[in-house]
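Two complexes are shown next, each including subunit A; its partner changes from subunit B in the first to subunit C in the second.
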Partner chain A sequence: RYVRQLQRLQLLFSPTAADARGARQFVEEVALDFARQHPDVVLYVSPRPGPAPLLLAEYLNGTVREELIASKTSEEIAQLATKLAGQSGLDIIRIRKPFHTDNPSVQGQWHPLTNKPSALTVRGPRLQPQ
Partner chain B sequence: MVLLSAPLWLRSRLTDRFWRVQEVLKYARHFRGRKNRCYKLAVRSVQRAFVKSTKARREKKRFLRALWITRIEAASLEHGLKYPAFISNLLKSQVELNRKMIADLAIYEPKTFKSLAALAQRRRQEGFLAALGDGKEPEGIFSRIVHHY
Partner chain C sequence: RSEKPNWDYHAEIQAFGHRLHENFSLDLLKTAFVNSCYIESEEARRRGLGLDKETVVLNLQDNSKLAEQGMSFSRSYLTQCFEGAYPDLPAKGIGALVGFLTSQELVSYVAQNLSIQDLTLCKEFPVPPDVLQRTFFAVIGALLSSSGPEKTGIFVRDFFIPQLIGKDLFEIWEVVNPMGLLVEELTKRNISSPEPRITRQLGVSTVLPLYFVGLYCDKKIIAEGPGETLLAAEEEAARVALRKLYGYTENRRPWDYSKPKQGLAAEKAVSSS
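Our next item is the complex of A and B:
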């Protein structure tokens, strides 16, 4: 069953600044629909007198992503929010290999004594002098 | 009235020079010497580094293939077979494993690799018998070809 990795979305914006116009429009029009479409994400809307409007996304593995939404239209903010809702909290860096195993070797990894006769490593029962 | 060009006394100054410089320097941080600190030297080094990394993607394939071949050669020599004999006999027995997989098997699955070497050796013997024996002995078992149509 699908578990959404996005825990909460915090929308921080100022009620009077000019660049938060898109954020205010988003809150008035689109935020309710977004919250209904994504019932497992908690949406916090907090107007504060701070500098720039921010969209904070917190994921289940603890990563917090901040996105600036200054001078963005409410559709762009909605697109951003849906994109963040579909991501997991892993860092967005280059994946070195598309595969990973915890047990790479089933038969035992090769070491320099694998194909040598076992008389070199095994000490047999000590023969009594006869 | 609309002014089509700005007056001469109006200046626009560059305010994010710091960030434009940092965009280049962040790729030079692990370099040696003043190239990792001074912008003028870093620009040249970063440009060359990017060009080299682009061109090296083609060489990487060649390099890795040579590495796998070296490893397979070492592993098959432990079992008494040389690399050309091993690979050609594996192909004749319709085992279509590429060098990457055979190298990984040789490292992580030594018993499987031993059985592959034994298979190649058996096919080699059957090939010698077929070439030198001239039809009187029955055909080899591992020389039979399976058609997958």
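Our next item is the complex of A and C:
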């Protein structure tokens, strides 16, 4: 079954700074709907007199991701929040190959002894050319 | 995690229930996370702070009963699953598989990735694996009491059986004498005892020889296995034959995760535990 990997989202913003306007709008309008649509993510809203508005996302495997939301509109913040809600907590690094199989071979991997006549120790009679 | 800012226990527990797509009764779930060492440490701390005797005794119940219920239910359910899926596997093999799935490391790994570590109330941090195991089984016990055996069975199946993907039978079940076991199995099915013969060999006189030994019953081949020495190759061939007999090869049908049609199996599990 699908288990959403996002555990909690902490929205830290300041009630007076100018670049937190999008964050304040988000909290007033969109945050309740977001919380109702994602009942398995705990959303903490904490206004604090800090420097810049931040969106902290904590995942089930322990990784914590911070996103700056200064000077972003509330729709952009909502989009960011849904993007974080769909991610898993794995590190964001370059994926070396876009494909992966657990069963690299279906009929058995080739090794130097496939398709050799049944046993090397058994010698049959030489077939006469007809 | 409860010491860091922004922590609401009730909300976290509700989110936990929603995350697993299960309806829990919240009181049972809260008791499921309470461990006995937590109760002792809390009482000691309150006594140390000098409160009255009434407030010292906490109104919290332990999770030991729920843990036992959960453990016995999951064991019996998993045994039934395996008996249904691999009918030829002997009881010792099934016991080994179930024991591996309910072992401490596996259960604590699953529990950590489901955020149970943040929600347990325990004396030490980070939570030791046996406490995590007990808490996870207590959660399963709470689910059993709140939603019934069918849903709990589906939950156990969804979270434990994918841990078997990619694992070989003999990595989990230690067999000392595969040849003897194979001879027993074949006599049970009234087939004559196997005759080992060398099928292929490469590099006999080098440092890394390779022998392929095939096991023949009534001159028909049942299995073939590679090995460095002749004895190792024979043992490997016996293991391959056992895998084929028990139906646990690499190319078997994957596990069936569709919705169960009868509720009889889960009820049998509850009544037998």
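One rule holds in what follows: the second predicted complex is superposed on the first by the 96 of 130 C-alpha atoms of A that agree within 3 Å, B and C clash if a C-alpha of one lies under 4 Å from a C-alpha of the other, contacts with A are read in each partner's own complex, and residues count from 1 in each chain.
In this section, contacts are C-beta pairs under 8 Å (C-beta built on N, C-alpha and C of every residue); 3 or more make two chains touch, one makes a residue touch a chain.
No experiment lies behind these values; they were computed from the predicted model shown.
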Does subunit B (first) or subunit C (second) touch A:Gln10, or do both, or does neither? second
Quick one: subunit B or subunit C, who's touching more of subunit A? C
Quick one: classify A:Arg65 as touching subunit B (first), subunit C (second), both or neither. neither
A:Arg1 in the overlay: touching subunit B, subunit C, both, or neither? Say first, second, both or neither. second
Where does A:Ser46 make contact in the superposed view: on subunit B (first), on subunit C (second), on both, or on neither? second
Going by the contact definition given at the top, which residues of subunit A touch subunit B in one complex and subunit C in the other? 106
Touching subunit C in the complex, subunit A uses residues 1-4, 7-8, 10, 39-42, 44, 46, 60-61, 102-103, 106, 112-113, 116, 118-121
Residues on subunit C engaged by subunit A in the complex (per definition of touch): 5-6, 8, 11-12, 14-16, 18-21, 112-115, 118, 158, 165-166, 198-202, 212, 250-251
Which residues of subunit B touch subunit A in their complex? 75, 78-79, 106-112, 114
Quick check on the complex: what are the subunit A residues that touch subunit B? 104-110, 114-115
